[in-house]
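Heads up, the next two complexes both have chain A, just with different partners, chain B and then chain C.
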Partner chain A sequence: MDALIVIFLTGLIGLFVGMLKKPMLNLLVTMIGLVLAFFLQLNNGLYTSPLAKYQVLEFNISQLYFSLLAIAFCMLIVLAGYQYFKRDAIHTGDYYGLLLFSLCGAICLIGFTDLFMFFLGLEILSIPIYVMVGIKKQDVLSAEASIKYFFTGAFATAILLFGIALLYGATGSFNLVEIRGIIQSGEYQPTFLFIGILFILGAFLFKVGAVPFHFWGPDVYQGAPEIVTAFMATVVKLAALLAFFKLFNGTFQDLAYFWIGALYFAIILSLFVGYLGALKQTKFKRLLAYSSISNTGYALFALLSLSNSAIGSLWIFLVGYGCATIALLTISMAIHNENDEISSFKGIGYKNPFIGFIMIISLLSLAGIPPLTGFFGKFALLMNAYPQHLYLVILALISSAIGAFLYLRLIVLSLSKDTDTESVAMSSWHYIVLGICAVGILGAWLVVAI
Partner chain B sequence: MNAIDPTFATSIDFYVILASILFVIGAFGVLIRRNMIVLLMCIELMLNAVNLLLVAFSTYYGKGDAQIFVFFIIVVAAAEATIGLSILIMAYRNNKATDAGLFKNLNG
Partner chain C sequence: MELLIIPLVFGLISLILPSSWSKLIGGVGAIASLALACVHLNGFDPLTQTILASSNKMAFGLTFNFGYDAFGLVMVMLTNAIIPIILLSNWNRELANNKLFTALVFFMQLGLLGLFTAQDGMLFYIFWEFTLIPIFLLLYWFGAKENNKVLFKFFIYTLIGSLAMLLALIALGSSANSFAYADLKNVQLTQEVACWIMSGFLLAFAIKIPLFPFHTWQPATYTSSPMAGTMLLSALMLKMALFGMIKWMLPLTSEGIEIMKWPVIILGTIGIIYGAIIAIKQNDIKTLFAFASISHLGLIAAGIMLFNTAAWSGAVIQIINHSLISIGLFLAADILEKRSGTRNLSELGGIAKLAPRFGFWFAVTVFAALSIPFSAGFIGEFILIKELFNFHLIVGILAATSLILGAVYMLRSYQLSMFGAPKISSFEDLSWNEIAVFIILSLLILGIGLCSSQIIEYTEPAFRVLTENLTSNQQIIE
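Here is the complex of A and B:
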């Protein structure tokens, strides 16, 4: 709760500091606010906050770790974006402010105990992103991505709200614990409840970007600036997945026989549509968007366990996925990949060995090669689902092989000789971000070992 | 279940049907219309159908919390309309049209 207030105030201050046109000062204020919020959340996150009295926002220990991860990702993105916004944009202050407001929404979405807070968190998360996607006002692609994201997002919100209204009609409550009690006692109106759950499921699949509601993802990821793409692919996905987990694995757990079939369908399609779609892409951000669809499919395995046991593996998976995604997008920014072609990465391992190294471990981690974090996350998620869902795990392994082919192709590209052997220089901010990402990719398995 | 208003119990279905019809009209509008201002209006219609449904259920259960939720939805709908219109203006400056079908640069 304290962290939420600090982040919000930092965002407000950032908006005003932005008027001074001093990007460095803005970065400093934002980073101080985020670090403060991180430690406040670490210390006080579990204590009863003033608002928890009304049962809208509460963190348990696993949700606390997810909120810390969201804040940490946001810090990385802010650092990585400094150079970009110093060079390209006049809206530095707006960008920092909107990013932090969106992070507030993500934290609400991680800690909600009530459908009020859930809905508000989702909107606080989404509305700043509609703006941030279109932050390059003169760019046709950015405007198009913004329009597409706004209309699909608002449509999903309306569907989610209809689901919530029907859920209220069936149970007469917005509180998650009460709703679960009513579902267990069987005193509900079944038609409204089942239709409501279907609507909510659809809206969630949209928000996490799983097939069949993934169509907006590649377009929006491609059109948005790299920084916003990184935010959408990590923080937004993390918050939406955790809310999904909490609502379906917690509140609707006793109705699993009803929704698990639809989830099966979504997972299988996500696993294959993502990687198969990525194979024919030539734009880097578009490729990353398709690969993130498949990664969402893996993350959704956490919901199949129908208990809290999978939450740790989901965390590890998201650390690996998030660090790798942020690293890859930072590299794309660092080499000034304006036209977003994959071929710009050709020979990057020779031009700058550090970038080449980070790129290779990020891609290997996404592909799930053993000593890296991505492997442990995927392994733990699949092991959790393995006893009951054998066929799904086999399908996931097949899709993983397609993914490995996709990522290895990029590695080969980054190591092949290029005619142009001019070395690539990078700002120190990008070195810091890539270094931290490398620690996340190489070292998070230590957490598992401990 | 909570206390149910006896005068209301027989007629809740009509409210649900009315709200569903409004919602479906809005959803169809979003799916088939191409003018983006009309799309915005259709989304507003969907949100208002939800408001109607929530108010009906609130009276049905004799509880006020759903009516508070309606206020939140109205606020969020206003924020969304503001953002939506400003994004529309930005897109119009780039494209000189409000036709959603003209946005074809991103595909593949």
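Here is the complex of A and C:
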């Protein structure tokens, strides 16, 4: 809870510091706020918060881990984006403020115990993003992405709200624990409840960007600045997935027979539509958007296990996926890939061995090649799902092979020997971010060993 | 554990230091690994198992267990002996002066050693996949230009196989609740499940070996690879699959052996004949050796599927022998290609006159590949063919044709390139390091041929432990 307040205040301060037009100061304030929030969250539960006692936000151990991960990703993104923010001095403060407000929403979404808080969190998460996607005002693509994301997002929110209303009508409660109790006791209005759950499911699939509600993904990812894309692909996805997991695997667990079929359908389609769609792309961010659809499909395996044991697997998976995505987008920023062509990656890995190394490990991690974190994530998720869902696991492995082909093409391109790219001068911020991402990608062994 | 750490450390060192050091680092690292393996060999009692590292369960049922039995140690020795030979054969080439190359070879060695010593299913899989990364980069950076298509085929093929193996391992591991070798071996499977799991493993191994219908990646990959890449592939990476069959696939899923035996042996036999016939018609010398390799390995794979200690002893000797001769053959092929500018047999001829030393040592290698008596291949092939005869007369007869067909394509390739009227004006003779490689190989082949009974005795206890499961199963059935 304290962390949430700290993040919010930092964002607010950031807005005002931004008026001074000193990007370095802004970065400093933001980082201090995030680090403070990180440690407050790390020590959550070890002390009683003097600031606030609310019942609607609660962090148990696994949710703490997720919120720490979200804060850490946000720090990486802030660092990686410094160069970009600096160029646009008038809006630096806006960026930092909006990023942090959105992070507040993510934290709410991770810790909610109540559908009311859940809805608030989702909105706090989404609204700053609508703005940030369109922050390149002169760029047509960016404006288009913003409009597209806003309208579809608003529509999804409306459906979600409708779903929550129906759910309330059916059970008479907003509280997750109470709802679960009512579902278990069977004293509910079945029609309303089922329609409500279906609506909520649809809205969630939209938020995490799973097929069949994925159409906004490629356009929005492509239009948004890299830094916002990175935020959407990691923090937003993480928060939405966790909320998804909590609601469906926790509260609606006893109705699994009802929603699991729909989820099955969404997972299978996501796995294949994502990678198959990515094969034909020539724009880098579009490709990442498609690959993130497939990765979402993998992450949704966590929901199939119908037990809390899958949450650790989901965490490891998201560490691998998030670090790799941030690393790739940082590289794309570092080489000033303004027109977003994949071909501009040609040979940079060979010219600059550090970038090459990061490219190799992050792409192989996405492809799920051991001994990288991405492999452990996928493996753990499949392991959890295996006993009941054999055919889904087989399909996931097949799609994994398609994905490997996709990522391999990128690796080969970036390691190509014949190239006219000059070696890239990267800022030290980028080195730091890439270094931390590399630790995340290679460090799964530590987690597994614990 | 030092076994694994040495290649890792040397790989990292050679990445950091400039390329002018890499020859030295390569030499020192390879010799150090070999010396360490000899120390392990010296302190090992073949009746026991050595545990290098063990730890309790980690997340997802993984364990951190490393160790080897006699068979594992033989494979470790083979790896550590082959790596210096590969580096030595590249000594005078430009590759040896490249730090990336040296580092990748060491990472490859790390992957292989990890694979041969892993005592945990997941570790086995991790190292199995890990080896793919260095070999892919090696082939990509130092192979023929425009070989992307071939490489993708190679990578995706092997990856699909590995994913099938991953599924098989997940299936086994989730019923054992652990991936430790001992736990996996204790799982009791019904025959049907065992067949499915075995086919998962088999797909991975059949692609890597490669068995007959899965071989299409191989010839193209061999011809477009740099020499060191081809050597690593044929001398070591293929052996991973054979090792996996003996150590992992058959003991873990022995319940399904009765059903799965026939298809694999038939495919192996087809491979023997098919590979040989294609090799006879080949004019490209590297492709010829690639198909010859398919033929040789089909025999080994068929022998392994017999699942008895005698056939496995033959297989071990043939595994070592094939590693050695494939290095010799691909070195010879590469020398031919580099110095005459062509791999096409019809454009070669009379080289024995221009380069007598090369002519002699190439002949020695060819005779070793023909498995003449006193060479290691003679013992290996003899045992394997004998066991196949015991198994089934027709299979035995078909397998035995490999001896005759082998003579045809090997002698043909030698005759066309070495004898006849010279078609090339000049041909530089062998340099000292190439002669050294040929001498070492010939001595090893001869030595193993003469001491084969010691090797058979050495590995037999390990094989008896591995085949135990089957015999106990049969007793249950009886």
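We adopt the following convention: the second predicted complex is superposed on the first by the 435 of 450 C-alpha atoms of A that agree within 3 Å, B and C clash if a C-alpha of one lies under 4 Å from a C-alpha of the other, contacts with A are read in each partner's own complex, and residues count from 1 in each chain.
Note that contacts are C-beta pairs under 8 Å (C-beta built on N, C-alpha and C of every residue); 3 or more make two chains touch, one makes a residue touch a chain.
Remember, it's a predicted structure, so these values are computed and weren't measured experimentally.
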item: Clash or fit (per the criteria above) of chain B with chain C on chain A; value: fit
item: Partner chain in contact with A:Phe405 - chain B first, chain C second, else both or neither; value: second
item: Which superposed partner A:Gly223 touches (first chain B, second chain C, both, neither); value: first
item: Partner chain in contact with A:Val140 - chain B first, chain C second, else both or neither; value: first
item: Partner chain in contact with A:Phe379 - chain B first, chain C second, else both or neither; value: second
item: Touched partner set for A:Phe265, first chain B, second chain C, both or neither; value: neither
item: Which superposed partner A:Lys417 touches (first chain B, second chain C, both, neither); value: second
item: Touching partner for A:Phe16 - first (chain B), second (chain C), both, neither; value: neither
item: Which superposed partner A:Ala158 touches (first chain B, second chain C, both, neither); value: first
item: Between chain B and chain C, more extensive residue contact with chain A; value: B
item: Overlay on chain A, chain C to chain B nearest C-alpha distance, Å; value: 25
item: Residues of chain A contacting chain B in one complex and chain C in the other; value: none
item: Of all residues in chain A, those that touch chain B in their complex; value: 115-116, 119-120, 123, 127, 130-131, 134, 137-141, 143-148, 150-151, 154-155, 157-159, 161-162, 164-166, 168-169, 172-174, 182, 187-188, 192, 218-219, 222-223, 280-283, 286
item: Footprint of chain A on chain C - complex, ascending; value: 58-62, 64, 122, 125-126, 129-130, 132-133, 137, 140-141, 148, 151-152, 155-156, 159-160, 163-164, 166-167, 170-171, 173-174
item: Interfacial residue positions of chain A with respect to chain C in the complex; value: 312-313, 360, 364, 369-371, 375-376, 379-380, 382-383, 386-387, 393-394, 397-398, 400-401, 404-405, 408-409, 412, 415, 417, 447-450
item: Chain B - residues contacting chain A, complex; value: 1-2, 12, 16, 19, 23, 26-27, 30, 36, 39, 43, 46-47, 49-50, 53-54, 57, 60-61, 63, 65-66, 68-69, 72-73, 76, 79-80, 83-84, 86-88, 90-91, 93-95, 100, 103, 105-108
